[in-house]
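Pasting the structures in now, so scroll down.
There are two complexes below, and they share chain A, which is joined by chain B in the first and by chain C in the second.
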Partner chain A sequence: MSKKLVKAIADMQEESALKQVNQMMADKVEPAVIMDDAMEAMEIVGQRFEDGTYFLPELMLAGEMMNQITEQVKPEMAKTPVTEPKGKILIGTVAGDIHDIGKNIVSFMLEVNRFEVLDLGVDVPPDKFLEAIREFKPQVVALSGFLTLAFDAMKETIEAIQGAGLRDEVKIMIGGGQVNEEINKYAGADAYGKDAMAGVTLAKKWIVAK
Partner chain B sequence: MSAERTKIIACSLVIEEIVPYLPSGMDCQTLDSELHVNTDVLRRSLQEAIDASTSSAEIILLGYGLCSQAVVGLQANGCTLVIPKVDDCIALFLGSEEAYKAQFKVAPGTYYLTKSWIESGRSIFDEYNILVDRYGESRALSLMRNFLKHYTRLALINTGRHELEFCRDYCLRTADRFGLRYEEIPGSSSLFERIVQGPHDNDFVIVQPNEIVTFRDFK
Partner chain C sequence: MTENRSLKIIGEKINGARKRVIQAIEKRDTVFIQELAVKQVEAGAAWLDINAGTRQSVEPDDLVWLVETIQPVVEIPLCLDSANPQALAAAIQVVERAPMINSISGDPHRLQSILPLVAEHNCQVIALAMNGKSIPELSEQRLEIVHTVMQAVRASGVPDEDVYIDPLAMTLATNAKSALITLETMRAIRQEFPDVHLTLGLSNLSFGLPARSYINRVFLVLAFAAGLDSVILDPLDREVRATLVAANLILGQDRHCLEYTRAFRAGLFNTSGATTGVS
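Showing the complex of A and B:
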């Protein structure tokens, strides 16, 4: 598989990227493969942002390209015969935090990998998570947060889940920005993921194991 | 705390708030706010600045917060490190971590600006101009609106020390352009004053000589 798509996104060639996605879809390339390329490109964008080659505008454009590619790929996914969804995952950015670029990528990668995902959006208070756990009955809860202040909200959310007697019903993963093992312990989650693929790997491991 | 044996290393975005309280004789070093773009780079720069100061100082004060954990892992050879116990500079401008948390309850979708942020030319609204240059006005506006879709408020923090007329104009115009509600919120100089003059009470992380700064120190 050529890496034209990776290069187009990473180099901010929006038109060429979208054309490439169309071409790949016409060639019956699997959505998961297309998204893998898009993810690889996002990683390059992230690196270029951190080393100062790119600025916020590129991050915006990349986020926008991801959205558009998602929109293009989604209908195709709906068409391909679905094997039983692998399991249910509840995801959201915790209270006080409204960063959602990273969470959206995780959410979409989980969908591409055939999980049923309920995305509660941003600034989600603990109560909303509780309500959704009761109704949607996910096996996995995924919390995203980019502000260090959000690490407190993650902790509070997990404590609320514990307090409601639901902690044993779900596995909890966290991620976003500076989340690491220390934060994982602080928040009381089961594991953290450094990127969307790590999230998918965790979900696969947990849901098969259940 | 003897001023001569104390040094402050502060971010360029907060230094002008600290300077009015700087005791005479205290050494002061400013680091570029741009270093924040990469947490590892900021951590390395802070460590270098600390290492270059340990022979002449006994106490090193940092005009920073947890700053995406950039301060986690820092260590001062033979010196005590003092850091305000806040997440980032917005809490510094507001005067306390509690005030910051209270603002989050009011409106989490708030973009905070201060005089120094506006003057630095590095807020997201400056980057908007780069977008316009590259992609034209209408595409830029739609990208930006999308980016800011969860935002409701643009808040200008007034620490009470500056003439803010041009900042207000700037914020009002900016809020209007991007469909945000403008609000001026009161800040405070309390942490800026206490970092250099003490007392270093519970609002500060105090790291003993040769100890390493940890995330837990802040929580």
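Showing the complex of A and C:
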């Protein structure tokens, strides 16, 4: 075990983190142990983001380090499969809206936190969501939108999910722009996330709870 | 940069994406909208961007109401901000001064439905360097779209000097080269289409970063030097305005430095004054 790795990632020391991983692999440390350290560091980064110490670039860099480390340990992992994806999340920007910066960040953060993410892109009509829910079978659906118009599209999408009898199959989170508790109620979602970390926290809560 | 290219402001505050504005539109709050218009003009806006939100069914009525509400209290042209040709056509019927249209892009549908309006009513038009839904990462790809757009613009009879190209400034937090890409695109457009104008919206650039005003201001100055001659922003932001006045002076756009000294006498550089216009 190595708290050095946790500290390097949490303190944004990219080179040192990757070096540390190499060293650990040379020392025959279990890949699962390395990944646990990395996840522990991600938690710290997430907390620092939430409390305003870190900002979006640090969150992105942490995600990139996570990806690089995963790539590095993958060959070893294959021999001893340990980490199943935590769960499946369907995400997309709702019909009529083409904003994707926030959605892409949420997608990325969910992926580095070990969720299997299916991203439907932007301007996604309700029936595309329905189709994907049936085929991909996610536990969580994440609807993104920036425009005020998106709030109506979120509501329509959630109504369509309800109408198709799939509402009890999924938890639904919304996010983007000026989304707040009021919009959450209006759209009929289960919760809203104010940023990418909030999305990750919700997903963890829901999927672990299941 | 010897010709006159002082940086003009397109005031962004009347936008239906802002909660207070959409409420004012729904309640037909004439006083709120007129005040917001006048304040921006007093702060030096050369155009007022007018965005009625995106509820398709009511957008034409809302946009017409905004135009009719704002026009009596300002003397500058409006910038009609909508992707909906019906809303634009309705608003154009009631505008007094030829407006700017915000916006077209490389999206063929948007070119076909909006360019004829621009040509027929002698409007100016903002053209985004993107296709339907995606913003290309590389400068060369954005330039390619600009070529497509300019071909369509010229074919429709709109003169180059009525076109304001927005090369798009993306989020630095997710790509630290994004501002450089924007500047590179601007220089290339300047070279190939010397008569078009350049414009920019700044909302994406500093997203997710602290102390955003510093990023916006420094970028604005660099973009100005690269040929930017208009910008979509909040003219009530004193720090940005002060920066623009100084940049105009440094780039040779302020004869006898009068704009600068006047701004000083008017208190624009008083750092003690609270910055207004948090958007």
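To be clear about the criterion, the second predicted complex is superposed on the first by the 128 of 210 C-alpha atoms of A that agree within 3 Å, B and C clash if a C-alpha of one lies under 4 Å from a C-alpha of the other, contacts with A are read in each partner's own complex, and residues count from 1 in each chain.
One rule holds for everything that comes next: contacts are C-beta pairs under 8 Å (C-beta built on N, C-alpha and C of every residue); 3 or more make two chains touch, one makes a residue touch a chain.
Quantities reported herein were computed from a predicted structural model and do not represent experimental measurements.
Contact with both chain B and chain C is seen for A:Leu149 once the two complexes are overlaid on the shared chain. Of the two partner chains placed around the shared chain by superposition, chain B is the only one that A:Glu50 touches, whereas chain C remains out of contact. Residue contacts after overlaying the shared chain place A:Ile98 against chain B and chain C alike. Between chain B and chain C, B touches the greater number of residues of chain A. In the superposition on chain A, contact of A:Gly63 is made with chain B only, not with chain C.
Contacts of A:Val122 after superposition on the shared chain: both chain B and chain C are touched.
Using the contact criterion defined above for the overlaid structures, shared-chain residue A:Gln178 touches chain B and also reaches chain C. Looking at the shared chain after the overlay, A:Leu18 reaches neither chain B nor chain C.
Contacts of A:Ala198 after superposition: neither chain B nor chain C is touched.
Residues 55-57, 60, 96, 98, 122-123, 147-149, 152, 177-178 of chain A lie at the contact with chain B in one complex and at the contact with chain C in the other. Touching chain B in their complex are the following residues of chain A: 49-52, 55-57, 60-61, 63-64, 67, 95-98, 100, 122-123, 147-149, 151-152, 177-178, 182-183, 186. Against chain C, the residues of chain A that register as touching in their complex are 55-57, 60, 96, 98, 101, 104-105, 121-123, 146-149, 152, 177-178. Residues 37-39, 66, 68-69, 87-88, 100-101, 104, 108-109, 124, 127-128, 130-131, 134-135, 143-144, 146-147, 150-151, 214-216, 218-219 of chain B are the ones touching chain A in the complex.
Those residues of chain C that touch chain A in the shared complex are 16-17, 19, 22, 53-56, 132-133, 170-174, 176, 204, 207-210.
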